[in-house]
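A short worksheet on the structure shown next.
Which chain is which? They are A, B and C, in the order written, and residues in each are numbered from 1.
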Amino acid sequence: MTQMTDVSMSDEVATALAQGRAVVALESTIISHGMPWPRNADVAMQVEQAVRDQGAVPATIAVIEGQLCAGLTPDQVERLAKDTGVVKAASRDLGACIVKGLTAGTTVSATMRIAALAGIGVFATGGIGGVHRGDGMDVSADLTELACTDVLVVCAGVKSILDIPRTIEALETLRVPVAVYGADEFPAFYTAQSGVTAGERFDDARDIAAVWAANRAVGLGTGMLVANPIPAEHALDAREIGATIDAALAAADAQGVSGKDVTPFLLGRLNAVTEGKALGANIELVLNNARLAGRIAVAAVG
Amino acid sequence: MTQMTDVSMSDEVATALAQGRAVVALESTIISHGMPWPRNADVAMQVEQAVRDQGAVPATIAVIEGQLCAGLTPDQVERLAKDTGVVKAASRDLGACIVKGLTAGTTVSATMRIAALAGIGVFATGGIGGVHRGDGMDVSADLTELACTDVLVVCAGVKSILDIPRTIEALETLRVPVAVYGADEFPAFYTAQSGVTAGERFDDARDIAAVWAANRAVGLGTGMLVANPIPAEHALDAREIGATIDAALAAADAQGVSGKDVTPFLLGRLNAVTEGKALGANIELVLNNARLAGRIAVAAVG
Amino acid sequence: MTQMTDVSMSDEVATALAQGRAVVALESTIISHGMPWPRNADVAMQVEQAVRDQGAVPATIAVIEGQLCAGLTPDQVERLAKDTGVVKAASRDLGACIVKGLTAGTTVSATMRIAALAGIGVFATGGIGGVHRGDGMDVSADLTELACTDVLVVCAGVKSILDIPRTIEALETLRVPVAVYGADEFPAFYTAQSGVTAGERFDDARDIAAVWAANRAVGLGTGMLVANPIPAEHALDAREIGATIDAALAAADAQGVSGKDVTPFLLGRLNAVTEGKALGANIELVLNNARLAGRIAVAAVG
């Protein structure tokens, strides 16, 4: 039997888990690759506070010098936020990060994997990966991790630059349960409306926690996705942001930007065109997800 | 460790499983969504009798007021057959059904999941889901459940409105063993001929039971598909039914029927055009599958 | 609990495993279906010797009269090499082979499955299956086996007739870690250059063994792919072999060759056009992979 890797936990996280109290995992590519310094470090602290405000303990997850970590010190957050040598790790990259002693921000798949190792069942992020627009065979490993790792992920939808209907179809094929919080329509990251109905609607975090427990008990073996629409007061104009994304995708294509460079390129572009409104909305939806994840985690242990 | 959900079993099913006797799982969307009342209730009883005639115990599977059930009372069958509030549940929907206390007919994926929880290894249905025609990225969760849940499924092929060659390809990719009973060609639901050769041919139910045991023992971790051609005397004319399906698909498209509404729309249409012959063939192939599943289940415990 | 199938091992393999010494699994379709007699038997012996030269024990894997075997006698190798009744088995075919008492060369998926049953963690082959050119929905079960069976596979890339970028994309989606040995570029079987950068570069077999152990310890549940470029002195001219493959694929299409017949047809054609240089390169890259696998296996137990 393979011995599983130890996850290095902060005292706060270790104590909460030992006592059976609510813990919420948080990802770190938003710190290392998602926002400019020093905004990224500030936001990381605000997101942790949003979890605490609901009575749960935040466990920001990352790889620090080859060590899987759940619960970071302010110094570690600053390092992720500032250091240009920080890489981006998906779940399949973790072994190489450990051996090479790398420091990495963890994507949704890697954060789910480390959360599962640490015994943390609820995780908040901004948006998950999915099926790429135009190329339906380019599919994020986030979906595969959701299909095989039993962690509940709260998001505001799939990343805005992806194909929403195809991603929803893939989640159905992969048997990943989808819940939508307080709405009938699946949200579209910067806006609440995607035009697609998908998943079961729930208006109470306690019901979501109960469904999560029931899904585990029927032996699905999957995670669960909770889609939490961005609050109306922070949502962007659907038509405007849609056109901006289309233009940014065309620009990426024209400039030959590909692979891992596409997402940062597009985010930079969206931000420039919207004069920072895209970044502001992104921060608000992450905070909103952290609050809902906190409530679900509290209900799950209650 | 998560405690698995209890499946509520009829005394007959519970006793048979406790004594190591042959049990065959049966699905219930055929009752709740597949046929009109009162034919659906009659057929459900005939299918159970077909299993009994082979010396096995039938376990019709459904969700009744949020309780997973294997082995239904006549009252429960009638409720599934008549009540318009009955939903359709795939495996990923079971958690929500439990929490909401819903009554649901179970699709192939959900029936496999509940059968696995109850310890039932053989299951008979009409046709399984697969890859949709025209949109190869729209793939039924039935295939994913077959890829990860060790239940043997006896069917007459894939649902007639799907893409047979692509579904066979997907089963190969997913490592799901396919056996064809008494024929070289993979069957096409309403007819025995699909024009596609796929899977190993077996002419004896005992050999299929032996292969099923061998597949489990090599640790595949998948289910197994047994394709059982509709008997010649009940088969429809291949060219006629093919043209009818094509026309029905075009009509669905023209009328904007989509998602979960497509299958009932098409079945209704096929039935109307064939003046009930499609429904008659459907019933005969289900009975034929129940008989073969009964023989396989008896061989498996023998 | 299902009892797993016993794998019949040679004394050498059984002793090495019992003593915790390095063992390398080898596949056998290269013997049964990959090369003409008597070259195939000679090469099988050379490949075993290449593993031994690194201090590891070779375990050639096949099914002999329905028995899963790891470590073959010279007679068994000769039988695989000469007998025209030998079939080709993927992992999902193993149950039928056992029940029917067949003798089979094992593909990458079946070899991985049997290696896992036998407790062998490192495996050398020529090229793995992947996504077919032209039809992105025709995907080899090798990729699914890599996604769910924890065996490390050393290859010289994907089979030359497949779509390399799409296969690399699928490995990323499926969360299969990819290491490239001694190069930045993912190799293209007959040549070292594919034009695609993918996976982590490692220059030391011990680092690959360490990453492999780390991947297992994070609970990925997948295998791992090590791409080992063909040595420059044995590589074919990239442009020439590319054009030859394109012509051979067109010929297969024109002559209506399909399914399992495509690979042997193409290999025969490549060989004829290159006057045996394709076969020579194939042999050299398999030997090269056996040596690297031997070093990784030694490092893994060291």
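As a working rule, a contact is a pair of C-beta atoms (placed from the backbone, for glycine too) under 8 Å apart; a residue touches a chain by one contact, two chains touch by 3 or more.
If you're wondering where the values come from, they're calculated on a predicted model, not measured in any experiment.
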**OP:** For this assembly, give the contact graph shape among line, ring, star, complete and other.
**Re:** complete
Original post:
Between 0 and 180 degrees, and as a multiple of 5, what angle does the rotation take that fits chain A onto chain B by Cα atoms?
Top reply: 120
Subject >> Interface sides of chain B and chain C: same vs different residues, half threshold >> reply: different
Subject >> Whole-Å gap separating chain B and chain C, where each centre is the average of the chain's CA atoms >> reply: 36
Subject >> Contacts with 2+ other chains: residues of chain C >> reply: none
Subject >> Residues of chain A touching chain B in the complex >> reply: 131, 136, 147, 166, 169-170, 172-179, 200, 207, 210-222, 224
Subject >> chain B residues within the chain A interface of the complex >> reply: 2-5, 68, 90-96, 98-99, 109, 113-114, 116-117, 137-141, 143-145, 148
